[in-house]
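Each of the next two complexes has chain A plus one more chain, namely chain B in the first and chain C in the second.
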Partner chain A sequence: MSETGRPFGASASWFLSTARERLAKLLDAGSFTEFVPPSERAQSPHLASFDLPAAFDDGMIVGCGRLDGNSVLVAAQEGQFMGGTFAEVSGAKLLGLIRAARDDEKLPRSILLLLDSGGVRLQEANAGELAVAEVMRAIVEARAAGVAVIALVGGRAGAFGGAGLIAATCSAIVISEQGRTGVTGPEVIETNKGVEEFDSRDKALVWGVTGGRTRRLIGGADAYAEDTAASFREATLALMGKARPFDLATLRAEQARLAGRVGRLGGCDRAAAMWKALGVADPRAAGDMDDPVFVALVADVKGAGDDAR
Partner chain B sequence: MTLDEILAGLFPSGHDVVVGPGKLLLGTGRRVCGRAVEVIGIAEGEPLGIDGVLPLAERVLDIAAAGGDAPMLVVVDTQGQRMARRDEMLGLNEYLAHLAKCLLLASRSGHPTIGLNYGRAAAGAFLATALATDVLVALPGAEPAVMDLPSMARVTKLPLEKLEALAKTTPVFAPGLDSMTKVGAIAQVWDPAKPLDVQIETTLATIPAHDVRDALGAERGGRLLATGIAWRVADQASRYRRV
Partner chain C sequence: MNARSSGPSQRAWDTARQSREQRLAAAARYARDKLVFHEDVTKLLEALVRSGDRVCLEGDNQKQADFLAARLAEVDPVVVKDLHIVQSGVVLAEHLDLFEAGIAKRLDFSYSGPQGAAIARALKASKIELGAVHTYLELFSRYFVDLTPHVALTVARCADREGNLYMGPNTEDSPVVIEATAFKQGIVIAQVNELVDKVPRVDVPGDRVDFVVVAPSNFYVEPLFTRDPAQITETQILTAMLAIKGIYEPYGVKRLNHGIGFNTAAIELILPTYAERLGLKGRIATHFALNPHPTLIPAIESGWVEQVYSFGSEVGMDDYMRARPDIFFTGRDGSMASNRMYCQSAGLYATDLFIGSTLQIDLAGNSSTFTKDRIAGFGGAPNMGSDPRGRRHASDAWLKAGREAAGEPTRLPRGRKLVVQIVETFGEKLSPTFVEGLDSIELAKSLDLALPPVMIYGDDVSHIVTEEGIANLLLCRTPAEREQAIRGVAGYTDVGRARDARAVEELRARKVIQRPEDLGINPLDANRSLLAARSVKELLRWSGNLYDPPRKFRNW
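Then we have the complex of A and B:
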């Protein structure tokens, strides 16, 4: 049983799990050690002004553990607390972890970010936005120092706003079908630009635009996982030794990759049209197919494999 | 100050910076000492989308590839990231992050980077540009924000009056230059009454080698906890060094 009392195993849904459950099942059994744990009461001093409850971990859990025997640093966001948002304390915890790896080569050379976040916490918007900027810079510096930073996206809040930018700053991204990533969420686009621009209640449209299958097909993620800890673990292990260095050549390749994507897919107005342009014969069937069949299909799609970051 | 006045003030020896298609700014300014400052940016409040990112990022990579140590000035007046289904579908998060990465690479390659916020600056577009520089300065009248208060009231479901009252007591969430300065995002506010060419030289002479924004926020009382928490995490991590 998990700490919430629900049955929990490696096959339980990543999407539905809490951050702590994800860590427990992703890492080797019993290997996780938390830094600045809840007993230290590192919580938001600002939420009370908004009549909102704080959490003793501020929705960000950081620490170290092992993945198939390899030492790793890990951070996991709790999407069910304030939408997993970046704020003063939650952002500082992640920043401290990444800077530690950047500055000390005796610390693990891989950092796993279990993102589950709507972006910046509005109640602490300035502190949160700045924390995201600091984290992006620290990720770049850590990568330049030889650290692989891998984002895992498959939680309920997805990775939007600042979290979407952080994911794309990492060395690599693992995503599941339920994982969604982007900058502005569909509801906010609809509110600002109208329902004609983006109908946030059209679930097929929303998942087509932001969902994990589209992201994997167009190269917006480097690996696709099923919605289980075991699958995220396997996909992460496969990426750990393969991080590209952070240098001019990688960013030149990234520029070419992103420009090429606009050239190939920039005229499409729905995800199905993009899938078609990528050579997927029957986009609707690809949306419905089982994960293993989808993985086989990805292998044949041009563009999904040319990840630069 | 208008953009023309700002550029003329920064580069009395001349510049060829123009606002081109997509309201993108590209060009080179001449310092009083005769050396170049490479300028990129976005003007007139234009939202930054994938079509804006690509030429800006390409220019930054060209500068990094060319070598030398010419500083880069990133001038921003943008209402935020472009809100469009097309941009989101193509992966706008990757494009915005790419521009930020290019600026961070340029800095690491020996080109000091200065962000200059003279108009609006918000959300993802702010992260991709001015917040990815070595030092961010602003001119009075700049309006940096994550989100305006009325939108924030809608999303948080709190009355606007309550947010307005709270904004007076804490810089942690309210939009504006003062708040962003107190939390440490904006390092300096230039004085438009004094020569800008002198002020950019002063800023260039004092570019920090590391990210000092958390320390600035603590010093100015706008972000009291962040530095200590980051330090505690790093300290506890250090117990798990490989021996």
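Then we have the complex of A and C:
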């Protein structure tokens, strides 16, 4: 091994890592088994007609492994390939994994989705939109069958479009400071509504609206992780086995929670106003502070902890 | 000596002063002493500015007199027309609006940045008569010879009632612009963010300033020199390692200037890691002529950097520089002080190395950032990226480069500046960096320019660094060798694939070309863990939270 070694250890940045690096360090060492691995060449049949290179895994890695000894199913999106998009093959791999868990109770009862996606792949838009809809339905059915589905969001592409919808369908969301969730991405809002409405290059604005700290503070994510595999692992372990039963009572509680949030925060026109309304005295300082200090602050904020789903 | 045939000349010797006094009299109704309400500025300009005047509308690399630019674009083109704009930066849309409306006709400038394509379009539509695209020092020098402004529209953070101006860290071009204008009977108007009883520091004395207007909003400054470490690629890190091990170390480069690209940001960020492990601390990269790059913070904090003099400032760095007066130049008020003309001279004469990136390099080593439809301008790179033949002080790095260029010992040793181009073989959108002919030659033809724009001439370039290795052009003895040395580091571009493999191997044997492995560098070691900071937030941490990143870089 050379002097400097590979960058990726348990302390390396989740944000900057590839999907395979994330899986390798998230799961117990050597426990990952991949389904439909790259050697099977399950790649997009459409990209070639756009003169675009395909990937042997189509940017979606699915399989099983163990997390601190617990068996789990996992799916990880590669955000650096075609923006981690949902398409015919990548969608089918994810859908197959979730349906298998839904239908076969001998399979692990937890699914971890390492989302890193801008949404549907425009070159395969119909297949991608269908995949997102089918995955959302499959997640609901799997949850009803007792499977916990946990989204881990902290990659460079965030979780936008279909990935944002899917994240919202999960039992729980773990997010890091760099992570972002939303439906319409910043560039799309700017293109459609103008730069005065939303300046996608103003990163402070983008992260203020969609970023991990805001999502955690307002209860849009259930756990906050530092930007490392070790921290995502710890946060995920803490959530496993805590998913509420997916029944009418839970859905009613979730509805009440969201209505309460709109009541508390619906009048705010910017993230700093929401943070203030939640009792954060100095939003700017809270944005700049170190992760452990922020985690302590979240513990004191009303609303961040009242998860129902 | 001949006796005069007549007495002293009867011509008037103060027409410029008379013109100035007439203009001031015409403008007096819009001002109370030096103060002008912002609503009256357009009328004031119509009274002061005369058709055909040379006008400098700063227009700097970073700060912009944006309020005055918008007001000048509003004057009646019947009253004020055919201005000759002489300013370093043509950066705002309003700068181009002047030409569209016929208020301005002729242009001499230095840097265009975001307006490069608009300038090319206006040239093609004959809306602009282009004098020349200058380097900074060249344009500033011409302010004192044949491009002296009649009117200068400047910008400062605050002013007092006497017109004393405080520019703070963004002094930039203003002193040279204002001296040339004021001392040649021109008129100086300043837009300021606020009026104060006493300025923190006098950057421009009030007797050189005729009018002050408090603008309704703070002037615009572009964070031009902030590079997000998260965007730096492993290829860029490899080129940074090559530059340190293959150039900084053997030449002992202590005094230098860095360009603004990601490759040089990578160099700054691996000084405290990679270069530290090579034992180079204190032996290289100690004195900089450099804007306050946020990516330099880790090297400063770990004791690498002795001092930095800057052309301008950088958004968000004010508090950090104020807290590090041992490193930066600061006024008695504590805030940093910059001056583009001084720093360009420093970069030209007092550094041993310039290193920067470019868009295109041809087979002779000429480089350009102009493409077929963009007049990008030069800024200061050609000043710093050239061997100053007026230099007369020696340094080890300069003498070693001179010895390599001479080839054999000579009774009259000369020095040589190290001018390094650091690039990836393919640039954005996989466009090749190495080309048979520069686009700027086509551009010059299509726009009928007398001089094809070249950023750095090949004969000034000493080294080219790519991910494939380093070409030392000082050691090339013939144009053919030079061409093969360039092809030999041009990778898989068409230029690189057309290399003569045997000639390239011979050059490698002579160390004209050095591959990563020749320098003991394993490309697999070039990874992001080498970066002392891997995100803007880590830069904030390194600075002890003194650095205040601009919003567009706060990705949290």
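Criterion: the second predicted complex is superposed on the first by the 303 of 309 C-alpha atoms of A that agree within 3 Å, B and C clash if a C-alpha of one lies under 4 Å from a C-alpha of the other, contacts with A are read in each partner's own complex, and residues count from 1 in each chain.
Convention: contacts are C-beta pairs under 8 Å (C-beta built on N, C-alpha and C of every residue); 3 or more make two chains touch, one makes a residue touch a chain.
The shown structure was predicted, so the numbers you read here are calculated from the model rather than taken from an experiment.
In the superposed model, A:A223 lies in contact with neither chain B nor chain C.
In the overlay built on the shared chain, the residue A:W207 is in contact with chain C alone; chain B does not reach it. Of the two partner chains placed around the shared chain by superposition, chain C is the only one that A:D288 touches, whereas chain B remains out of contact.
Contacts of A:L16 after superposition: chain C is touched, whereas chain B is not reached. When the two complexes are overlaid on their common chain A, residue A:M82 makes contact with neither chain B nor chain C.
In the superposition on chain A, no contact is made by A:L26 with either chain B or chain C.
In the superposed model, A:A243 lies in contact with neither chain B nor chain C. Applying the stated contact rule after C-alpha superposition, one finds that A:E177 touches chain C and leaves chain B untouched.
Counting residues of chain A touched by each partner, chain B versus chain C, the larger count belongs to B.
Overlap of the chain B and chain C contact sets on chain A: empty, with no shared residue.
Every residue of chain A that touches chain C in the complex is listed here, in rising order: 2-7, 12-13, 15-16, 177-178, 201-207, 211-213, 287-288.
Across the interface of their complex, chain A is touched by residues 230, 277, 522, 524-525, 527-530, 534-535, 537, 540, 545, 551-556 of chain C. Listing the residues of chain B that touch chain A in their complex gives 50-51, 53-54, 57-58, 61, 64-65, 81, 83-98, 100-102, 104-105, 108-109, 123-124, 126-128, 131-132, 145-147, 152, 154-156, 158, 166, 169-175, 179-180, 183-185, 211, 213-214, 217, 222-227, 229-234, 236-238, 240-243. Across the complex, chain A meets chain B through its residues 33, 35-36, 40, 42, 45-46, 49-50, 62, 64, 71, 73, 88-89, 91-93, 95-97, 99-101, 103-104, 106-108, 120, 122-134, 136-138, 140, 144, 159, 161-162, 164-169, 181-184, 186, 188-189, 191-193, 197-198, 208-210, 214-215, 218, 220, 246-248, 251-252, 254-255, 258-259, 261-262, 265-266, 268-271, 274.
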